[in-house]
């Protein structure tokens, strides 16, 4: 394994974390969805590089799925949905953006702190990837927590899935079964989300989760 | 491989047929038939256990789960026939949704059975996801505000949980790769377990944290529990019964497998304290939450959280007694809680409400339903002569001898929960009759069958079953 | 052993029959007849096996790798006898009484099961079977307590009852956990064989005291008892008060004396303190009460206190190696167990008879029943006298024995015992005297004087079954009082098995006296006392009839020149208790009386209002309940969070765990 | 054996005969101290005779309990009194009951009397019964504490043994002094004497004992009165035999001592009666609700005496 390929891989993974931060920073829905596309694109690049570096051709499939489906279909579909729902206006984060970013940096530090020591024996190609993938997962979760809009939550969720994808790609020799299943579940997940958003659109005038909360079961 | 074919194929085939059928009577019967075939095949696993391979596996541990799962699935399908019939009459469900419901029921059964028999940590993840998604669909089936909200909540929390679980799975694979090499071997239970001693313990620790939180979400452990009460309360009651009786167990099963793996790896953190902490938190939290419940199904959902807390606690205490108690408690909880949901389902139908305040004097207006509910609550509260008593006896006594403070907390939780359940069930079952008193056309057979099993288990546990449980308990470490 | 087991099975079968045949008229005689027969056989078996060697039996039930161990030793046999004596009496009584039952389908299935569970508790020989039967007993009696479920207070009583029963079960569960050890040796034989360290023994003893005390009604764990016992149908109340509390005493004796080895002396101080406080407070609660059945239930608390004083004494002696003293004290306690089972059942039967005849439990609405219910009132009077420890009846004997035990060895070395034993003497004496007051009130207000309501005027004597049960128990009260030696000798094997020595054999003594230690020290002869009283009464009557005027005239009572003597002008239960309430209630119960006298010239009535607080409920139970309720209110906010916040909870949990892991590594 | 039986019967007869005489004596002493001549000593006998001869008038709703109670009360008191050593210890049946049993016999008599008081259903019976049990609820435990004290000193609860112990090894002890004071208070309360109750009053609101027996007349009243006198004898005899056992004939002594024993007994009763009369004149009756503090004091004295003994034992 050459140092070069490790460096490239690490750089790509680092870009993915950066993309997560960009998503965290975005306050407008269309921009956020663009960032989501970018996020998935970087993921596809990173996976492809892994495929090349590991000499594992099946990972190219995964990269392709990520490129076409996650970077292409989903953001576009969500963009349309946003437009159809008429919510392509500004969205607010709960806490201040600055605070969120600080928390995100903390999370990255945490994931490095947790993962780097434990993967000491692992392949260097894997090592950084896993740590950064964990950062992406945690950042995705943080975003889900700080966002109120259902669409942005879905976007955050997908970014989290990307992190998991990254980790799966880094795990050398992991059977294709997993990638396919990931793809399938993401597809299904998206279908379900679509159904739900449709229903939510049907029943409520907004997809703001707050509106859903008005109908919690036991409120007097 | 024939029994496994039945266990997996019957639901799959059933789902396909049911998706095409539209008549209520016929589809209900097909539903029952498919569930029965699965159950019968599961029973066959006792006599004809397939060797298993890299993909599928039948061992002592999961046979317990498979049989239990198919049995509860079967009884629930019987209950579901009469329950759904009533829903059609009242117009809460339309025939179109009915077709969807029945197909989804079998898909869910397939997912759960697949999760239980798979020998692959990736496959189990996929199967759990499948079961989750199908239940999400069914929770939202009434399309009321509350149902949609519950389903949405369930979906989001479930997806995040499953995401964490996948990340954990990948980490496990990573830990295994240097030892067993890549490929399918790196994801097969049997292989993993055999080589667990050589894994990097630190990596396995991190993996377990993710798996605990991920599958723990599905188990309904606090603080990841939030989806559970609403999903139970707003979906059709057969789904509540299956959720409590089966889905939680399936997630628990996955958790147990990973726990065994971690325990087999020297140098890793002990999984016990984590499980004990989460178990106690869930138990205490849920038992306190029980007091303010106004919706009867949601109340029993919290009771499920409480019991999952106890079970996880017991597995966390481990040792032959702790594991035995955990297994027993799990089986008993499945049977009892689904029986309670059968009863509650009919009660809610005859009283045309789920609000506790609007029910009363049930033992007078509907003696059979009322007394079954009381018996069920007595059983779930851990009173003899029912099986939960046996397991709680073992959990508490074995814990107290080892960690008195934990046992005191456990007992506190149990008492608080008993107080709440009894308070509510007293007001539902006794006092002057409130709500409609029209006779119910309930199917009592599944309910009575479950309660009878729980009763028998409380008095007498067959020796082979015990030997088997003990063997499994030893496997669990 | 086998016979007892067969009887238990017969009772369970009767329960099933009760469930199936509840609504048909012949269900009642079938169930109660079967219960009567089973209890009679089991009781006689118990009586016959007291002196025999322990017999054991292991059934392949319960905990599989241990099985259900059953054992009938002297102690169990005695309690089997007591349990089934009470059970047989209650069944006999119920043959008549239950005719008036409004909801037989809520009583018949559970009554025999309750009896079976009572029997099972005393013959169980492993922790699992024991607790199984113990909780089953609670559950069955709970169902009976809520039998009349339309009254909200009954359901509430059942609620409090089952909670406390669960507390008791949990405490015992923990105690057994300690005794069984991590290896899970749940059978009593291993527990006996294992030597508990002092620390473990002490902790286990405290837990056992809580566990059995909550079931027996030891203050402050008694709160459920005066609620639950009266709520059940009267024959069940009799069983709960007369028998079930005794089964709790059995549990304490079994664990504290048999399984636990010898607990330290301070445990005896604890038991003595609990017993003394319970005795006095219990009877004070009873004195203030004007609901007949609740009065009796409160009074059960007092008797439990007396029994525990005896048990505490026995523990004190045992801790100091004074076997003779321990034997005497334990005999006294067990004697009182028998006594209380008999007379409390009798009194509850009487209360049930009054309830049947008048539909009233409130003494303020009764009165003058002695004229309309002569049989009931006579039996009730015997019960009142016996429970007030009046010679020559049985209650006196056990209290006398307890006093003798206190006096036996004043030279115990420990300070705690030196202070506690005489204090308990004073408390016991106070309780005994107050019990007299309490039952003067109970009998006087209910049966004497003039009828206060129409219902009391129209009362009819009850049926023969009920009367037979009452008179049978009244005869037992007299018999055990007159021939106490027989009972003491009967108890000897059980006592010997537990403390290594028993009281000297009594039946061989001249004149059938009762001599606990030595004739010079103390002796009591119930037979002669009874003979003397009978003879001198007879003599007096003879003399008076021979020499005195026979003329008798009925005339209106002296009205003090105030001719409007309505029954309402009689002394009521509340007014009767007023002096005692003033003396004791002010400090203990925050009792207050407010008298409102209209100004001069106003012809409106003067009013007196009384107010009583139960300090234990208000300081102990209510705060716990409120705390749980408040906690649930606070936590309940978690039910109404947004999905985002739930996610945040997951997120925080994840980050926390990862942080912990990072720090740990 | 026959002789012993005769002595026992003589004891029973003695207390019975002495009872009215003692009552007469106390009344006489009080009258003389008030500078009245007072009734003759034998007046109580005459009263009893007259009452027995009279027609009994009972209230319309009196039950069988009301009619039988006087006889039972009398019999119980009598049996109790017969068990107290008067002139000799160790009589044939002295072991039948100890001091605790005697107290319990008196308790039984009081129990019946209180019930009889409530039987008619007037306020007076109730007020009397209620106050009586309130007083008893203090007097009885106080008495039992005295018994415990004595039993600890003498090693027995048998009155005969206690008396013999006192006779043999009388020594001044703090506990005994406390017990004596307590005993005197209790005896006054038990017998319904001033300051606890006034046996001569007929003002309803202050009555205790008299209120309970208000409805009795004729032969029934005679029995009650006799029982009350007997109880006074019993109390004074008990005090005499425990605290002043001088002249008491021991069971082992020969029959020659009977005369001494009887004389000593008569003297003791006479002195005690005189003291009682004097005391009653010197003090005013208490309010009913002051009585518990008096008797509570007695209870505390008894407890203190017992505690002292317990503590002293281990030294």
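To keep things simple, chains are lettered A, B, C and D as they appear, and every chain counts its residues starting from 1.
Here is the rule we use: a contact is a pair of C-beta atoms (placed from the backbone, for glycine too) under 8 Å apart; a residue touches a chain by one contact, two chains touch by 3 or more.
Please read all numbers here as calculations on a predicted model, not as lab measurements.
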### Summary
Ordered by label, the neighbours common to chain A and chain D are C
#### Entry: Selected interface, C-D versus A-C, where C-beta contact pairs are more numerous
C-D
### Query
Going by the average position of its CA atoms, which chain sits the greatest distance from chain B?
D
### Centre distance in Å when chain A and chain C are each reduced to the mean of their C-alpha atoms
68
### Query
Where the centres are mean C-alpha positions, what is the separation of chain C from chain D, in Å?
35
### Computed distance of Cα centres, chain B from chain A, in Å
31
### Query
What is the distance in Å between the mean C-alpha positions of chain B and chain D?
77
### Query
Taking each residue of chain B in turn, which ones touch at least two of the other chains?
152, 156, 160, 164, 202, 205-206, 229, 292
### Summary
In chain A, the residues touching two or more other chains are 114, 117-118, 141, 144, 153, 209, 212-213, 216, 218
### Query
Among the residues of chain D, which are close enough to touch at least two other chains?
none
### Task
Could you list each pair of chains that touch one another?
A-B, A-C, B-C, C-D
### chain C - residues contacting chain A, complex
639-644, 647-648, 650-651, 654-655, 658-659, 661-662, 665
### Footprint of chain C on chain A - complex, ascending
94, 107, 110-111, 113-114, 117-118, 138, 141-142, 144-148, 153, 209-210, 212-213, 216, 218-219
### Message
Quick check on the complex: what are the chain B residues that touch chain A?
### Response
120, 122-123, 125-126, 129, 133, 136-137, 140, 143, 145-146, 148-152, 155-156, 159-160, 162-164, 166-167, 170-171, 173-174, 177-178, 181-184, 186-187, 200, 202-203, 205-206, 229-230, 233-234, 292-295, 298
### Message
Quick check on the complex: what are the chain A residues that touch chain B?
### Response
114-115, 117-119, 121-122, 126, 130, 133-134, 137, 141, 144, 153, 157, 160-161, 163-164, 167-168, 171-175, 177-178, 181-182, 184-185, 188-189, 192-193, 196, 199-200, 203-204, 209, 212-213, 215-218
### Residues of chain C touching chain D in the complex
367-368, 370-371, 374, 381, 385, 388-391, 396, 400, 403-404, 406-407, 410-413, 418-419, 421-423, 425-426, 429-430, 432-434, 436-437, 439-441, 443-445, 448-450, 513, 519-525, 528-529, 532-533, 536-537, 540-541, 544, 547-549, 551-560, 565, 567, 569-571, 575-580, 582-583
